[in-house]
Amino acid sequence: MNAEGEGVSGMANENGDRFHTDAVPREAPILSCRELLPGLMLYRIQDPFLASCARPGQFVNLKTPDGFLRRPISLCRIRPGEGAVDIGIRALGAGTRALCRMGCGERIDWIGPLGRGFLLPPRSNQGTSDDADRPDRPLLLAVGGGIGIFPLLGLLEEARARGMGTLSVLGFRDPSQAFLLREFREISDRSLFASDTGGLDHHGNAVEAVRQLLSDPSVRQAVGKGGLRMAACGPHPMMKAVARLAEDLGIPCQVSLEQRMGCGTGVCLVCACEVRRKNPEGGPATDYVRCCREGPVFDAREVVWE
Amino acid sequence: MSAPGMPADIAVDLSVDLCGIRLRNPVLAASGTFGFGREMAEVFPLSSLGGIVSKGITLLPRRGNPPPRVAETASGMLNSVGLQNPGIEAFLREELPFMVAQGCAVAVNIAGAGAEEYEALVERLDRTPVDLIEVNLSCPNVREGCMAFGATARGVESLVSRIRPRTRKPLAIKLTPQADSISETARAAESAGADAVSLVNTLLGMAIDIETRRPVLANNVGGLSGPAILPVALRMVHEVAGTVRIPVIGMGGIQTGQDAIAFLLAGATAIQVGTATLINPTACQDVVNEIASWMRAHSVPTVRSLIGDLRLNP
Amino acid sequence: MSAPGMPADIAVDLSVDLCGIRLRNPVLAASGTFGFGREMAEVFPLSSLGGIVSKGITLLPRRGNPPPRVAETASGMLNSVGLQNPGIEAFLREELPFMVAQGCAVAVNIAGAGAEEYEALVERLDRTPVDLIEVNLSCPNVREGCMAFGATARGVESLVSRIRPRTRKPLAIKLTPQADSISETARAAESAGADAVSLVNTLLGMAIDIETRRPVLANNVGGLSGPAILPVALRMVHEVAGTVRIPVIGMGGIQTGQDAIAFLLAGATAIQVGTATLINPTACQDVVNEIASWMRAHSVPTVRSLIGDLRLNP
Amino acid sequence: MNAEGEGVSGMANENGDRFHTDAVPREAPILSCRELLPGLMLYRIQDPFLASCARPGQFVNLKTPDGFLRRPISLCRIRPGEGAVDIGIRALGAGTRALCRMGCGERIDWIGPLGRGFLLPPRSNQGTSDDADRPDRPLLLAVGGGIGIFPLLGLLEEARARGMGTLSVLGFRDPSQAFLLREFREISDRSLFASDTGGLDHHGNAVEAVRQLLSDPSVRQAVGKGGLRMAACGPHPMMKAVARLAEDLGIPCQVSLEQRMGCGTGVCLVCACEVRRKNPEGGPATDYVRCCREGPVFDAREVVWE
C-alpha cells in the first residue's frame, strides 16, 4: 500500500497540507508496552504503512475485546524509521480497560490514520539542532493536560524536525499523576510542568503556566519573525481557556477536540462538533462538522465553546 | 464451511430483481451509515455492491441534534443524529452525481416533517437518475413528522397515497418497528401503491449515565441498531414477507453473509448493512463475498432460490 | 469507584415500599429465570433479596413447548418455554410454602388463556400468603390469551377490571413491549385498578439455522431477553414512569448494580433480574451488593432518593 | 467448601445415589491441554472441589470468551488425587471455538458439577484388578460416538474402581476421526472400535459393533450373576439404536442426552427432554423434564425417542 494507492485518500486542508486516511482494517502486533501509571499504558505498535504516512494529531480507531464500537486513540509518536507508532491508552471504561490488558505480541485491529492532524508551517530550510537560536525560526507552544499530552509529543518531534523552536506546558492534577515528563523535556527547548497541588515547576493549572511562560522576557524575546503558534489538547475547560488566551494575545492556536464517535471514518455523523463556518446556503452561522473527518484538530477560533 | 460443494471459481448468480431494478447482488449499504458513499469509495469499489442508500435527505438543510449523538450498548448502539443533511438541492448538486457514478444502484432516503415535504421531495427526485426512493417513515430522532406517520397503518396509507402520484420512481417505504403492527403498516404501504417496504429502522431506546444522572444522548432518546436487534428485525421481516406481495428489503443487525442469508430465507429480496460498517468499513463488501462463498460451499447456484425458502417447524 | 464516599461499613438504606409491601431492597428475581427459588436457595440465601417472582403459573399443569426452546443471540437469548408449570394447585401445595419460608417478598406470576382463567387464578391466590400477584399479559410463547390482552389498552383495561374485584392482594400488571403504546397500556392498567406495572417482558424475535433453513426454536418464534434489550426497556420504563402514578417494576437486561441504578433513576421503584441469573447464578445477590457499594461510594444514604431522579437534557 | 456445605445440594436418585451440584461460579486454571484432533482439545483443569465430589456423567457450564450463554461440557476424567478434572471440547460454533483457543495457565469460569450422572451399582467389596475374573462381578458396557465418548472414559474408570468388568465400544466416522483409543483400551477389559469406513476393529457403526460384541461367546460367558449394564453417549440416532437394542436384549441401559441449555442449574426450563413419567396429576403419560437437572443421564427406557 502506498500513500497514493487504493483505499487511501488525501484530504487537503486550507494550507494545502494533505492528510492521508485509511479505513481498511489491519492487524498490527504490539512490539512493546510500558505502564506509565496504573491504568495508563504506552504501546509501540508495528504498522509500516501508518508510520509512513500518519501525521501528528491524526488518530486510529481500535477494536476492543470488550465493547461493540471501536475506540478512537490519538497517535502519540510516529516512527517511520522503525515502521511503528506509539499510542497511549488510559483505562477509563470497559473498552479501554480491556485494551490496557493487552500485552506484547498480541495484535490490535485498527483502522487509520484518520482525521486531520495539526498544521505546521512548511520546513523553511533544513532545520538542525544548531539553528536552535536562529531568531527568525517559528516557535510552537504545545499545551496539554491528562491523556491530551500524547499527540503533542509527536507534534513537538515533528516541529523540531521542521526546524521550529519547541515549548511545552503540561498540566496535571498532582505530581503522582504526571507522566512522560522526561520525553517532553527532551523534545522541548523549554518546558514547564504544572500541578494543581504543587510539586512540579508551577503550582496551578496549565493555563496559568502558559501565561507565566509567555510573560517570561526570554520567551518573548525568542518570538522573532517566525512567530509563535499554539497547539492544545486536553480537558475541554483547559482547551477553552487556552483558546481564549490565544485569541486575546493574537496567537494562532489549534485544538484537538474529543467527541464520542461511531465510525471514525466520516459516514455516520454522530461525532458532531459545532464550529463557525461560512455556510454557502446561508442559514445559521455555526454548523456541525465531523470530529473524525474535519477534525479532530480545529483552528481554535472556529470552535464554538460550550 | 467444510463440505466443498462447488469449486471456488464457479460463478454463482447473486443478482436479484428489486421492483424492476436489477441488482448485482442483494446487498445495499443502509441509510445513515454510509454517508453518500464518498468515504467508503476510498475503501472498496462500490460497484461490488447491489446498491447504496443515501443518508436521509430533507427539503432544507438540517443541522441535526446536539452531541453526544451516540451511546454504546450491549451488541448495539443508540444514535440521535437527527437527520443532519445538506438538503435536497445541495444533495442533488454535490452528492448524487458522485453516487450515480459508482456503478451500483442508488437509492435516496427521504424524510419530511409533514406530507407536503414528502411530496416536494418525491417530485424533486422524479426527474433525477435515482433508482429508488426510500421513504423514511420511521426516524426516531426528530420531533416532527416521520415516525408519526409510520406508527399507524392509517398514517402510512395516507402518506403513501399522497406521494405515490408524484413520481414514477419505485418507492420503498421504510417502516418502524415501533408500529402498532408492522404487518399492518406494511399492508397499508402496499395498498397505497408502494413498490417495496424496507424494515426495520432503529428501535427507540435510552442510555443513562448514572454518574451525572442524565441520559447519555443530548437528545435523551435515540435509535437502537446493531446485532442486538437482529432477532426482532428477522421476525418482523418474516412476518411482513408473509403478508405483502411487494418485495421486502430486510435489515437490522446484519454483520455477516450468514446473517444476510437468514434474512433472505425469511423472505427479504434484498438486505441492507448498517451499523456493521461503523465497526468494519468493508462490512458490505464482506457480506457479498460471504454470501457467495456460502452459496458455493452449499452448491446453491442462485441467490433467488434462497428468498423466502424458510421452512417453519410444525 | 475511585472517590471513597462513605466508609465501607456504614449502612445504606436499600429498602423500598412497593404498593404497600416493604422490600428489603429493590431487587427481585424475575419470573421464569429463577424457578421457584429452590435451586438458587442452594447458591445464596434468598433473604438477601427484595423478593422472588415465581415462574408463570396457569390453572392446569402445562407441558410447555417442544424443544429446542432456546437460541443464543448477540448479548441476548430467545426462549420459547411456553409456560411449562405444574398448575396452581401443585404450585400452592409443593412450591409456595418453600418460597414463603425464604424470608423475602414472594410474588406469583400468573398467565391465563382467557379472562376466566385469570379470574380463577387471582381468586385462588387471594387466601394464600403471597405478597404480590404479577399478572403476565405479555407472554409471547403461547398461542392463546396472554399477549392478546396485553397488546392493546382496551385489552388490558378489560382484563384488569375483571380481576381487580376478586382479590385484595396487590396486583402488578406485566406489560409487553409489543404493545401499541406501552404508556397507554400502563395507563389502562392503572385506571382499571392495578397497584403496579411490571415491564418489560421479552420482545418477540426469531433465529434461523441457515443450514437446515428452519427456525432454531421448535416454536419458530421466541421472546428476546438479556442486555440486548436493555436500552429499549429503559426507555419504556422511563416513559411509563412519567405517565402513571402507580409504581413501576423495571426489568430487561439488568446484569449489574449500575444497570439497576439506571432503571431506578428512570423511575422504577423496584427492578427484576432475569436472564443474568442464567449466566451468573449469583446475579441477583451481586446486583444488591453492587447497588449498596455504589451508594456508599457516592454517599447516597437511601435508595429511595434515586427513584425517578433522572434529569433530562434540555 | 465441603460436600455438605453452603451452595451444595444433594440430589438423591431412585437408587439412593447422591449427586452434588454447585452453581457458584468459580475460576479454575488450565493445567494442561492436548490437541486430540484438529478442533478437538482435551484440557486438564484444577478444581479440587469439583474433583472431590463430581461423578461421571455430570457436567460443568463454562463461560466462553465469545458467546452470551455458558456452554455445557461433560466431565471426562475426575482426578480427586490431583484436585483436577479433564474435559474435552470440540470446536463447533463460535463459543466452543473460542474455548478451544484457550491455553495453559488461562482461567476458565465455570459452575459445577451439575446434573445427574451415571448410576453404578455400589461397590460390593474392595475390587482390585485381580478379581478381574470373578464370575459374579457386574459388567459395564460403555457405548460412545464422537464427543460422546468423553464422559464414558471417567465412567469406565469409576466402574473399574468399583470392581466391575469394563467393556467399551466406540464408533467413529473414519479412523482419522478417532481419538482416545489408547485410553479406552487401557481402561476396558475388552474394547471394540468401529469405523463407518473401516480401518479399525469393526467396519460399520457402533450399534453393529455392540451386537457383534454381545454375540461373542466369551463375552456372554463373562456375564455372570453380577449382570451386564450399558451406558451410551453420542449422536442421538446412535443412542436411540443402542436403547432399542438394550431393551430387546433386556439389558439395563443409561443414556446421556444433549439438549440446548440456558442456565444448566434448573431454573429456566429451556432444556426440556421428553420422558415417560408417572404423572401424579394424571394427564399425559410423558412429560418434559430438565436435561440439566433430572438429566443429562436418563434410564434409556424412560426416554421418548423422536
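So that you can tell them apart, the chains are marked A, B, C and D in the order they are listed, and the count of residues begins at 1 in each.
Quick note on the criterion: contacts are C-beta pairs under 8 Å (C-beta built on N, C-alpha and C of every residue); 3 or more make two chains touch, one makes a residue touch a chain.
Computed from a prediction, not measured in an experiment: that's the story for all the values here.
Report the connected components of the chain contact network with subunit C omitted.
A, B | D
Find the geometric centre of each of subunit C and subunit D from their Cα atoms only, then give the gap between the two centres in Å, rounded to an integer.
Taking the mean C-alpha position of each chain, the two centres sit 37 Å apart.
Report the inter-chain centroid distance for subunit A and subunit D in whole angstrom, where each centroid is the mean of the CA atoms.
Each chain reduced to its C-alpha mean, subunit A and subunit D end up 59 Å apart.
What is the distance, in whole Å, between the centres of subunit B and subunit D, each centre taken as the mean of its C-alpha atoms?
48
Do you know which subunit C residues sit against two or more other chains?
Answer for subunit C, listing residues that touch two or more other chains: 71, 73-76, 226.
With chains as vertices and touches as edges, which is it: line, ring, star, complete or other?
Here the contact pattern is a line, an open path with two ends.
Can you work out from the touch definition every pair of chains that touches here?
So, checking each combination of chains, I get A-B, B-C, C-D as the touching pairs.
Quick one: which bits of subunit B touch subunit A in the complex? Just the residue numbers, please.
So the residues of subunit B touching subunit A come out as 32-35, 38-40, 42-44, 55, 61, 63-64, 66-77, 79, 81, 84, 86-87, 90, 226, 277-282.
Help me check something: in the complex, which residues belonging to subunit A touch subunit B?
Touching subunit B: residues 7-9, 21, 23-25, 63, 67-70, 95, 111, 259-263, 265-274, 281, 283-284, 287-288, 293 of subunit A.
Using the touch rule from the top, collect the residues of subunit C that touch subunit B in their complex.
For this pair, the touching residues of subunit C are 71, 73-76, 78, 180, 203-208, 210, 212-215, 217-221, 224, 226-232, 234-235, 238, 253, 258, 261-262, 265-266, 294, 309-313.
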